[in-house]
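Two complexes follow with chain A in common, the first pairing it with chain B and the second with chain C.
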Partner chain A sequence: MYYDHFVLPFTIGLITLLIYLCFKYYKWIKSFPREERKKIRKGLFSLQTIRSGWEIFRESLLHHKIFKTNPMLGYMHMTFAFGWFLLIVVGKIESMVYHTSAFNPPYFAIFFRYFHPANETFPYSETFAFLMDLILLFLLIGITLAITKRFYSRLFGMKKTTKQRAYDLLILTVLWLIFPVRFLAESFTSGLNGGGSFLTYNAGNFFGSFLPLEHLSYPAWWVYSSLLGLFFLLLPFSRYMHIPTEMVYIFLKNWGVKQGREYNGYSEIQVNACSRCGICINTCQLNSSCDINDIQPVYFLRRIRNHEPLSKQAENCLMCGRCEASCPVGINLNAIRQSQRPDTIRVVKDTYAYVPEPEVKRAKVAYFAGCMSHLTPGIIKSMQQIFEKAKVDYSFIDERAGICCGRPLALSGNWQAAQIVMDKNQEMIEASNADILVTSCPICYKTFKEDYTLKAQIMHHTEYIEMLIREGQLKVNNMDVKTVFHNPCELGRGSQIVHAPENVLKQVSYKITTVYDGKKSLCCGGSLANTAIDSGQKTKISGDTVKAYTAYHPDVIVTACPLCKKTLSKTSTEIPVKDIAELVAEA
Partner chain B sequence: MINFWGYSISETRSINYDKNDKAMTEYIAATVPSSKLCIGCGGCTAGCTAGNLTDFNIRKVQMLMKRGETKDAKEQLQKCMLCGKCMLVCPRGVETRKMILEMLNFIKTNQKLED
Partner chain C sequence: MAKVIIIGGGPAGCEAAHQLANQGIEVELVEKSNETGGNLNNWYQLFPDRKYAKDLNAILKGHLEHPNIRLHLGMEPKKIEKSKTGKFNVPLTDGSLLEGDSLLVATGFKIFDARRKEEYGYGIYENVITSVELENMFYNHAITTAGGNTPKRVGIIHCVGSRDEKVCNYHCSKLCCITGVKQAIEIRELLPEAEIFCFYMDMRMFGPGYEEMYREAQEKYNIKFIRGRLSEAAENMQKQLQIKVEDTLVGKPLRMTLDMMILLVGMESSEGTRQTAGELGLNLAPNGFIQPQDPHYRNNFTNVEGVFVAGCGSAPMNLTDTLADARSAASCITAYVKNHKI
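== the complex of A and B ==
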């Protein structure tokens, strides 16, 4: 029997951790709404489970997405995760080959060097010793990088490493000590009994030349085991909770579980799945333009986790989705933020009762400009011209008595009031009996798609114009103008509409390719979602955005949203800002 | 009554500043400093989505709130759809939408205290 008392801290830590995790995940999953739980039952035996396994390998171990954003940071995360994984797997195989049974206790593989008498060889023992040393070296390099990163965070392309509290520093120290101590324990044992390979064997001989190894080797194993046990015990209450939780999240995500409006166990899982990699800090324009450094998801999620006050931080966000698009874990950051905004409007029987019964002309196509478009009459006029040129039977449904789509209310957390506005609007849209609903406002578009239950096909005007051109109903000329495209947050990242506007733009102008194309677009700063910043700060963001586009020397900055157009026009004094519909109407 | 002439005459009335409750006024002045920039031009009201359909006047709500006539302001406020148009047209950069949200916040917290 291979046993020594020093394995106890490790074993107790591991068992406690596993019991705690099972309990936590069970509790969280139990709080899901019933339909979401059903998805788990359905998904469990589907292909998605295998796909999740692959995604876990790619993201939790190799950190492929972090690599793409920042190779240096990716390498660091990978050495840690993948290195540790290999150490466990190869160690386990080694112990199985030696013991010729899969059923050795878990600690046996971890403390293999201690239990295995070095003079006794077994198949491939040299190869195993070499591999284990190699992996350990790989990990030690990773730790050196991590420590360097703490001190020179700029090297990794990050402006700020995430701020940490004392508890996190404690567990970080424990984690950093684990592998150096393992290295010492193995080296000391090798120095005494032989064994090991290029790293630990030589280090053992070296230490043996001046240290009393016979007194150090056994305590070193105790320390190693205690560090592991301590790490397991501290893990659930630290950022490293993300290691197991991210895996659980990947499964749930692939089985189709969705984050709803309410903050529930699924949100809790996502909050705990954040690795605090800090990538969201750098993509956030509130950071780069306004030096606001406490609202980014990494901080915000931590506030939620630690039950710290967060109402200020909840409001201070443009909901531009840039962080969400770059988050390697794929957390629903916008939805979670929105769930933390309070529902303040008291809804009573006659809330919004003043909205009149809908009186709209029936037609094949219903055009809903959106209230913001009424502030940019150029867009509306262009759309009317386009409809007429293409000889479309259309009805301008919110020409006179239009109301808001409800999304601004929802963005501020007032879902109940929003629902009333949405119901009234839905009634009006349905009264038009249209097959297609075209809107010029991406904010409306997103909510029509996600929160309404409309029979009509919903199209943003960029999609609709693309269809008209494709089907030959609308002829356009390629004008001799250079354009850059500012894809509105709610359209590109928010509603996955990327190709339609770009196709249209390429047909009417010379579109310059920028690094901000598609889902990488910037935010104009005018978002209604942020009520914490003042107009000066908004202007600063939009000014920086305009500057970024101006660097490409376009003749026109083109967008596809009345709000973006209005916001950008205020700061773009040299280059005109136009909506894509206006350009098409000219072409 | 249909507003046949396109304009109307306000009733003459006097305001008792001493009797009015200025708690909300102070709260708004502190949380939405830009509200002090208002010049009363009425641009916000002209473009208002709700004001287009009913007698809701955001400029007036603002004025009532500043005078401490909180009760009238409260009732009016429920009509706003938070669409944000008022904020976009304001020539002075008053964050009207935020101001409305803060008034609603204020009402909600104070209601809780009263209940």
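== the complex of A and C ==
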């Protein structure tokens, strides 16, 4: 039996961790709404489980998404995760080949160099020793990068790295020490007894030339085991909880579990799956334009986890979704933040009794401009021209009187009041009996799709125009203008509409390709979701956004949202800002 | 003889030129358009006495026929430089070079572009016009809609582009309130049967006779004043305007159909003001106008020695204040050139 007392810290730490994790995940999953729990049972034996395994390999080990953000940063994360994984797997295989049994105690593989007498060879023992040294070297490089990142984050494409607290720094230090100490323990043992490969063997000889290895080797293994044990005990209360939780989250996500309006166990799992990589700090325009540095998801989720006051931070967010799009874990950051905004406005159905029942003409296509479009009559006029040009049987249902779609209320957390507005509006839309509901406002569009139960097919005007052109109902000319496209947050990232507006724009103008295309678009700064910043700060964001587009020297900045149009026009005094519909009407 | 360059031949520039010339100082007056008078050329009658703008303009123009004044019409400075010796060199677009001991910035204001307030529909709906375009109708003694009809109901919208953070203008343009009152009375004189409404946030009657004129507008001319800001306007088939506005005194939303809507456009610092400030390194206030050294005692001084400001380059002001400001600037410049023994 291979045993020594020094394995105890590691073993106790590991068992405690596993029991704690099982208890936590059980508790969280139990708190899911019933229909979400059902999805787990359904998904467990589906293809999605295999897909999740693949995703875990790609994201939790290789960190493919972080690689895409910045190769250096991805490499650093990969050396840690994949390196440690390989160290465990290859070590386990090595121990099994040596022991010729699948059942050896878990610590055996970890402390293999201690238990294995170096003079005793086994099949491929030298290859294994070489591999294990190689992986260890790989890990040590990762640690060097991580330490460098702490001090020179710009090398990793990050203007700012996450600010950690004392407790986080403690466990960070423990983690950083684990592999150098393993390296020392293995080198010392090799220096004494032989064994090891290019790294530990040579290092052992080197250390042996001036250090009393016989007094150092055994304590080094104690330190190594204690560091591992300590790391396991600290893990659930540190950000490294993300390592096991991210895997659980990937399974749940692929099985189709959805984050609802309420904060529940699924939100807890996501909060704990945040690795605090800090990528969200860099994509946040409140950071880059307004120097607001305490509200980004990395800090906000930490506040939730630590039960710290967060009402101020919950309100101070544009909900543009840039962080969500860049989050390597894919956490539902907007929904979680929205769930932390208090639902305080109390209204009843009668509150809106004074709103007259609108007379709605029945037609095949219902056009709902939305409140914001009523502030940009240029867009409405263009849409009317397009409908007439394409000879569409349409009804402008909110021409004289309209009701808010309810999303602004919902964004502020007031779901209860929003629901009443939505119900009222739904009645009016249903009265049109249309097959297609076209709206000019991405804010309305998103909520029509997600929160309403409408019979009609819901289309944003960019999708609808694309369809008219595709089906030959609308002829357009390519005008000699250079354009850049500002995809509104609620349309591109919010509702996955990326190709339709770009296709249309390419058919009516020369569209310049920018780094902000598609889901990488910027926020205009006019977001209804942020009630914390003042108009000066909003103007600053809008000005910076306009500057970013102006760098491409377009003739026109094109968007597809009345709110974006208004917000960008406020600072874009040199270059006109137009909605895609206006451009199509001209073409 | 000391020489002063004045950029801008509006009322402020003309009056300052006249005052400086009378002090025995040579004046080079640069005006980019082909006549002096600036924005005064766009006005028909002036508040509060209903004097014809062209009469005042004629007086100002007459004063320029002074041997000490050289007028450069239709010309703009290519650049403005201050040399190490403190002299100002201004090459003009015709190739001539002006040299001066001091420089007066009288570049004035520009009218807010009402298209930027898209919800009011200027440039989109044919019966939405600005207060400046209305002056032109007064000049022709005829107020008609774009379709050639006599409007039965007219709405005047105050604070368009002023006191509005949504267009980044926090400042009050000061004159639009009384302009609105004056124009409402003029409309009444031309359209005795029409309903006339003014939609305002506050009525700021700051000058002598203004409050009296406002009262008269209500009592004698039956102009209806509604406190509330216009939220949006739409056009119907008859090309009328359907507006949504809140009557904040009654506390109720209001819908109304208008035959014609007049936007009281506010004042912004002109391109000339910004350009001159940029070249000379003059400080601008957050509202975009030139920042004087001190609001009370040194309101004609800028942060650059020898550069003075007069008129609406530093803030919106009415003609009374503009002319007084020009005289004040002239007296400051006279003292400056004397102290420097030029």
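Everything below uses one rule, namely that the second predicted complex is superposed on the first by the 584 of 587 C-alpha atoms of A that agree within 3 Å, B and C clash if a C-alpha of one lies under 4 Å from a C-alpha of the other, contacts with A are read in each partner's own complex, and residues count from 1 in each chain.
Just so it is clear, a contact is a pair of C-beta atoms (placed from the backbone, for glycine too) under 8 Å apart; a residue touches a chain by one contact, two chains touch by 3 or more.
It should be emphasised that the depicted structure is a prediction, and the values quoted were computed from it without experimental measurement.
Undergrad: Mind checking chain B and chain C on superposed chain A, clash or fit?
TA: Pair status: clash.
Undergrad: Using the superposition described at the top, determine whether chain B or chain C touches more residues of chain A.
TA: Answer, by number of touched residues of chain A: B.
Undergrad: In the overlay, answer first, second, both or neither for which of chain B and chain C A:399 touches.
TA: Second partner only, chain C.
Undergrad: Just to be sure I read the superposition right, which of the two partners does A:571 touch: chain B = first, chain C = second, or both, or neither?
TA: In the superposition, A:571 touches chain C alone.
Undergrad: Kindly classify A:377 by the partners it touches after superposition: chain B alone (first), chain C alone (second), both, or neither?
TA: The answer is second: A:377 touches chain C but not chain B.
Undergrad: Give one of first, second, both or neither to describe whether A:528 is in contact with chain B, with chain C, with both, or with none.
TA: Once the two structures are laid over each other on A, A:528 reaches chain B alone.
Undergrad: Give one of first, second, both or neither to describe whether A:486 is in contact with chain B, with chain C, with both, or with none.
TA: So A:486 meets neither chain B nor chain C here.
Undergrad: Now for A:113: first (chain B), second (chain C), both, or neither, which partner does it touch?
TA: neither
Undergrad: List the residues of chain A that touch chain B in one complex and chain C in the other.
TA: In the superposed arrangement, which is not itself an observed complex, chain A uses residues 374-375, 535, 566 for both chain B and chain C.
Undergrad: For the complex, give me every residue of chain A touching chain C.
TA: Residue list for chain A touching chain C: 374-378, 380-381, 399-400, 535, 539, 565-566, 569-571.
Undergrad: Contact residues on chain A for chain B in the complex?
TA: Answer in residue numbers: 342, 344-346, 348, 351-352, 354-356, 371-372, 374-375, 401-404, 406, 408-409, 412, 414, 417, 421, 526, 528, 531, 534-536, 563, 566.
Undergrad: Once bound in the complex, which stretches of chain B touch chain A?
TA: Those residues of chain B that touch chain A are 33-34, 47, 49-50, 52-54, 56, 78-79, 81-85, 88-89, 93, 95, 97-98, 101, 104-105, 107-108, 111.
Undergrad: Which positions of chain C touch chain A when the two form their complex?
TA: Per the touch definition, chain C meets chain A at residues 116, 118-119, 121, 124-125, 165-168, 231-235, 242.
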